[in-house]
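Accompanying notes for the structure given below.
Lettered A, B, C and D in written order, each chain numbered from 1.
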Amino acid sequence: MAVVAFIGLGNMGGPMAVNLLKSGHQVCVHDLMPAAVDLLVAEGAQSAASATACVEGADFVISMLPASRHVEGLYLGEEGLLQSIAPETVIIDSSTIDADSARKVAAAAAEFGIAMLDAPVSGGVTAAAAGTLAFMCGGDAETFSMARSVLEDMGKNIFHAGDHGAGQVAKACNNMLLAIHMIGSSEALRLGADNGLDPAVLSEIMLASSGRNWSLEVYNPYPGVMDTAPASNNYQPGFMVDLMVKDLGLAMDCAVGSGSSTPLGSMARSLYAAHAANGNGDRDFSSILEVLGQ
Amino acid sequence: MAVVAFIGLGNMGGPMAVNLLKSGHQVCVHDLMPAAVDLLVAEGAQSAASATACVEGADFVISMLPASRHVEGLYLGEEGLLQSIAPETVIIDSSTIDADSARKVAAAAAEFGIAMLDAPVSGGVTAAAAGTLAFMCGGDAETFSMARSVLEDMGKNIFHAGDHGAGQVAKACNNMLLAIHMIGSSEALRLGADNGLDPAVLSEIMLASSGRNWSLEVYNPYPGVMDTAPASNNYQPGFMVDLMVKDLGLAMDCAVGSGSSTPLGSMARSLYAAHAANGNGDRDFSSILEVLGQ
Amino acid sequence: MAVVAFIGLGNMGGPMAVNLLKSGHQVCVHDLMPAAVDLLVAEGAQSAASATACVEGADFVISMLPASRHVEGLYLGEEGLLQSIAPETVIIDSSTIDADSARKVAAAAAEFGIAMLDAPVSGGVTAAAAGTLAFMCGGDAETFSMARSVLEDMGKNIFHAGDHGAGQVAKACNNMLLAIHMIGSSEALRLGADNGLDPAVLSEIMLASSGRNWSLEVYNPYPGVMDTAPASNNYQPGFMVDLMVKDLGLAMDCAVGSGSSTPLGSMARSLYAAHAANGNGDRDFSSILEVLGQ
Amino acid sequence: MAVVAFIGLGNMGGPMAVNLLKSGHQVCVHDLMPAAVDLLVAEGAQSAASATACVEGADFVISMLPASRHVEGLYLGEEGLLQSIAPETVIIDSSTIDADSARKVAAAAAEFGIAMLDAPVSGGVTAAAAGTLAFMCGGDAETFSMARSVLEDMGKNIFHAGDHGAGQVAKACNNMLLAIHMIGSSEALRLGADNGLDPAVLSEIMLASSGRNWSLEVYNPYPGVMDTAPASNNYQPGFMVDLMVKDLGLAMDCAVGSGSSTPLGSMARSLYAAHAANGNGDRDFSSILEVLGQ
C-alpha cells in the first residue's frame, strides 16, 4: 500500500480519495473547504495544515482541480509544491486542463527530477463513487506503470494515451465526440418525432442499426424514453452544460493550436455555449435537445 | 411458403431474392437488365415477360428500386402495377425514397384495396447477401405482421417504425445519425493525430469511453486502424459517398418539410455533397476523413 | 396602359395592386378575403366573382400567393386558370415558391401558348407600398421585355435572372446570403460585446472595413445601435422568422436537388428553424441574435 | 514631425515605414533581415545595431510582427525593450495578436509608465502601400489622441475601439465576419450556378438586394465575374488562406475565452483550416469557393 497526498476534494476528488482509503492506502488530504476535509477525515484520512505539509513523505501526489490556473498555481512558482515534493514521488494530475498547461507543469516537474502524469478521467460523479472511472494518461511508460495500481483502485479502464499532455488530448477528443453524437442523437429523435415516429421505437431501431452510439445506449436525451436518464428527470445533472462548454473549449484550443478542422465539434461548442448563455449552464448536457425546439 | 414477385435485382435486390429462394419461396423476378434476371433464374427463380405478368398470382410483391421516380413509375398511373395487382396481395417496397412519396403510393394502393409497407433496409450489400439486413417498416400493424415472416428470410432485425412513410423516416434519421458520428469520429481521430496521439490507441480509448459509436466499433475511418474497414483498403466501398449524399438529401427533405432543426445533420449533408462534388462520389463514405486534410 | 388581373391581395399583393392603379392601369382583383377586395375596389379596382372571370380580357395576370400548392392550385388542373387565359396574355407569378414548381407551371402554360414569368420580389412590405421592390425574373427575354414596364410600376430594380425558375433560384440564393450575413453580423457583435466592445463602435468599424454588409448597413441586429431597425423596437417585424425559415427551406430544396454544398446556408436554416420552434416565428428575423445568448 | 522607431519591416511593415518617411518623420528601423533594413535606408531611414539602440530618443515605437510570441519576446523579460524605452514614449503595436497578449504587454508597459496602443490594421498590402489602412486601436483616449496623427500618415480610417486589447478584438470580429460573408457569397454563387444561373448576373442581382456585402462588392470569389479579383487570376493572393486561418483562430480564442457562441464563425475556421490542410494555404482566401466543389 502507498502513501498518497490527495489535493482537491470536490464532487470528483472526494469519492476518489474515499476509494483509495477503502483499498488500504494511507491518504493525507487537502482542500480549501474545511467541510470537504472533515468528510474525508471521518473516512480515515489524515489532514494537513497546508498542501506542502500534506505531500511530505508521499509516494503519490494526486490533484483534482477545476482549471489550468489552479494546477499551475499549485505546482509552479516560488511557493509551488514542486519546491517541496521529493524526487522519487510520482505526481498524478487528474484535473481536466489544456494540454499545453499539462506539458508545462510536467516539464517543470522534470527539472526537479519528479515524474508526472496527466490523467484526466471520464465517467462523472457516479463512476468516481463506484471506482469505475476511465483514466486517460499522458507521460512516459515507466511512470504510467508505477501509477497503474493506484489508478486501478479508483477506476476500471486505465489507458496510456501517449506522452505528456496526451491524456488531456484524448479526453478532449472523446468529449468532443460525445457532444457530437449527443446533439446528433437529439436531432435524429426530434426529426423522427416531428415526422410522427415514437422516439422510443426510433431509439430501439437506431440502437440496432448503424446509428448506434453511447448517447442512445445509456443516456437517451428524449424525455421518457429511458427512465434512468437525466432527460426523464427534468435534465437534472449528470454532467452539466457548463462542464461540456469547458471541455469543448479545451478541444477548440487543441484544434486552433494544431490548425485542425473540426466542423461538427466547433458547431457543438457554439450550440452548447448558446445553451449556457441562455440560462441552462447547470442543467444536464442532454438538455441540448431543447435548443432544437421545445 | 409464399409466391413472391421481386422487381429490381441490383446490388441489393439480387441477393435478397436469392435468400427468398433459399428459404423455399416461389419467386418470379423482373428487371430491365436481362443479365440480372438470368442470374436469378440460374438460382431457381422464374422470369416473366413484364412486371405485370410477374405479379400475377403473387402473395407478395417486393420492389427494390433506385429512387422515388422509379417507384412511382412502377406502381402509379394508367399503366402502373396497381392496376394489375390482386387486392389480397401485400406490397413491400424496400427502396429508399422520400417519405411523402411512400405515403402517396401507399394511399394509391389503398384505393385499390391493396395493403402496402415501406420497408427500406440497413446493412448494405454484405448484409443483403448474408440475410442479416435490418428492415424499417411503415404501414399498419396487420400488414406488418403478414409480411414479417418473408422479411425474416432476408433480414435479422425487422422493425415496425409506425404508419405509412415511417420506415423511410426511420431510415433517414438513422443514416443522418450515422453520417454525423462518422464525421465526428473522423474529426476526433484527426485532432488526436494532429496532436501526437496514435489513432489506434485513441480509438481504443474512445471505444471504452463515452465517445463510443458504430463508426468506431466496426468502420474506423482512419487508415490502418482496422484491417477490415474500407479505410484500410483505400476507401473502396462499402457504402458510397453518393449514396450517403442521397440519404442525407432525404433527411433534409424531412427536416424542411417538418420545419425541424438539424444543425449537425445539415452540415453533414454539405460536407458529403462537397466531397462528392470534388470527385469522391464512388469512394467509401468513411473517406470523409480526407476532407479534414490529408 | 394595360388591363391587369391581380390575384392574391395580402400584405404584399395589396399595395402592389394599388401601385398599378396609381400608374393608370385598369386592374381587376381577386382574393378569398372579401375585405381585401373591398380595400382595392375603394382604390379604383374592379372585382370579379371568380378568378376565371377576373382574367377575362387581361393583358397581364399577376399572382401573389403564399406557397407552391396555391400557385399550382390556381393555374393547373381541369379547373385551373390556364384553361381560361387567352394565349396572348402574359402571366407574372410573384409568389415565392420552389423553382421546380415554377418550371412546372410555366411548362403547362406553354402548352396553352401562354407566356409566363416567375418574378419573386425582394424588399418587403415597405418596398411594396413605396413601389421600390426588386423583381427577380425567370423566363424568356421576350416575355421579360413585355412585362418590364408593368413591373417598373411596382418596383425599382427589375432583373432578368435567366430562364423559367431562375427568378426563384435568384431569390433563394439572395435570401440565403442575407440570412448568413445577418447571423454572422450578430455573432460578430455579440463576440465584441462579450469582450468589452461597444456594439455601436464595432458596427461603425466593421461598416468601414471588410466586414461590411447589408445587415450592418440598414438592419443592425443589436438593440439600440440603429433607431430605425427592428432590433431597437423589440424585434417587431419587418421580415418574420417564419418567412425566413420558408425561404431557407426553398434554398435547401435547390441545394438538395442540385447536390450543392451550402454549409453556412444549411446552418442558417437550422438556426432559424430552431428559433421558430422555440416560439419566435412571428418576430423579426434579426432576433436571431438572441439565439446566441441573451 | 516625430521621431519614430519602426520594428518589423515585412510585407506590411515595410511600406508603412516608407509612408512615415514620405510624411517627413525621422524614422529609425530595425528588422532581423538586413535586406529589409537596406530597402528602408535607401528611402531615407536610419538603421540601428539593435532594437534597443533603435528606440533611443523615439517619440513613438511602432512594431509590426507575425505573432504574439514575437511581440512578447520583443517587449517583455529582462532583455525586453520596456527596459530601454523612455516613459514619455508611446508604443503602437500593429501586429495582429490575441487580445490577452495585447493586454499583458500593455499592462507591463504601464508598470514602466509607458503608454501603449494595440493597433492592428485592415486592408492588406495594397492599402499599406497606398497609406489607406484602417487602424483599430485599443488603449486609453489620451494615448489614442497622441498617436492619431502618426497613424493618419499610414492609414485612412483610424478607429478607437476601446480599452487595451479592444483593437485586437475588433479586428478578430471584423475578419470573422469577412470570412463568413466570403463563404456565404461563394455558397450562393455556387448554388445559383449549379441551378443554371450566370454568376455575373446573380452577383449583380444580389449586389442590388439584401445579399449585398463587401465580398460581392470588391472581391467576387467566382472566377471571371470581376477582372481585378484574385478569383480571376487563379486565386493569387491577395490575402492568403493561412492568414485567414490565423485570424479565425484568434477569433475562436476570444470566443472560447468569453464563452461566446459563434456557429458560422466556427464553421468558417474549420472550412479554412481544412482548405489549408489540403494544400491551399498560400492561395487567396476567396479560393474557399473550390471547397464547395470544382
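A few remarks follow.
The rule is simple: a contact is a pair of C-beta atoms (placed from the backbone, for glycine too) under 8 Å apart; a residue touches a chain by one contact, two chains touch by 3 or more.
No experiment lies behind these values; they were computed from the predicted model shown.
Of all chains in the assembly, those touching subunit A and also subunit B are C, D.
Farthest chain from subunit C, judged by C-alpha centroids: A. With centres taken as mean Cα positions, subunit D sits 51 Å from subunit B. Mean C-alpha position of subunit B lies 38 Å from that of subunit C.
Shared contact sites, meaning residues of subunit A that touch two or more other chains, fall at 255, 259-263, 267, 271, 273-274, 276-277, 291-293. In terms of which chains touch, the assembly is arranged so that all chains touch all other chains.
Residues 245, 249, 252-253, 255-256, 259-263, 266-267, 269-271, 273-274, 276-277 of subunit C touch subunit B in their complex.
On the side of subunit B, the complex with subunit A involves touching residues 99, 122, 134, 136, 157, 159-163, 165-166, 169-170, 172-178, 180-181, 183-185, 187-192, 194-198, 201-202, 204-206, 208-214, 217, 251, 254-255, 257-265, 267-268, 271, 291-293. The touching residues of subunit A, when paired with subunit C in their complex, are 263, 267, 273-274, 276-279, 291-294.
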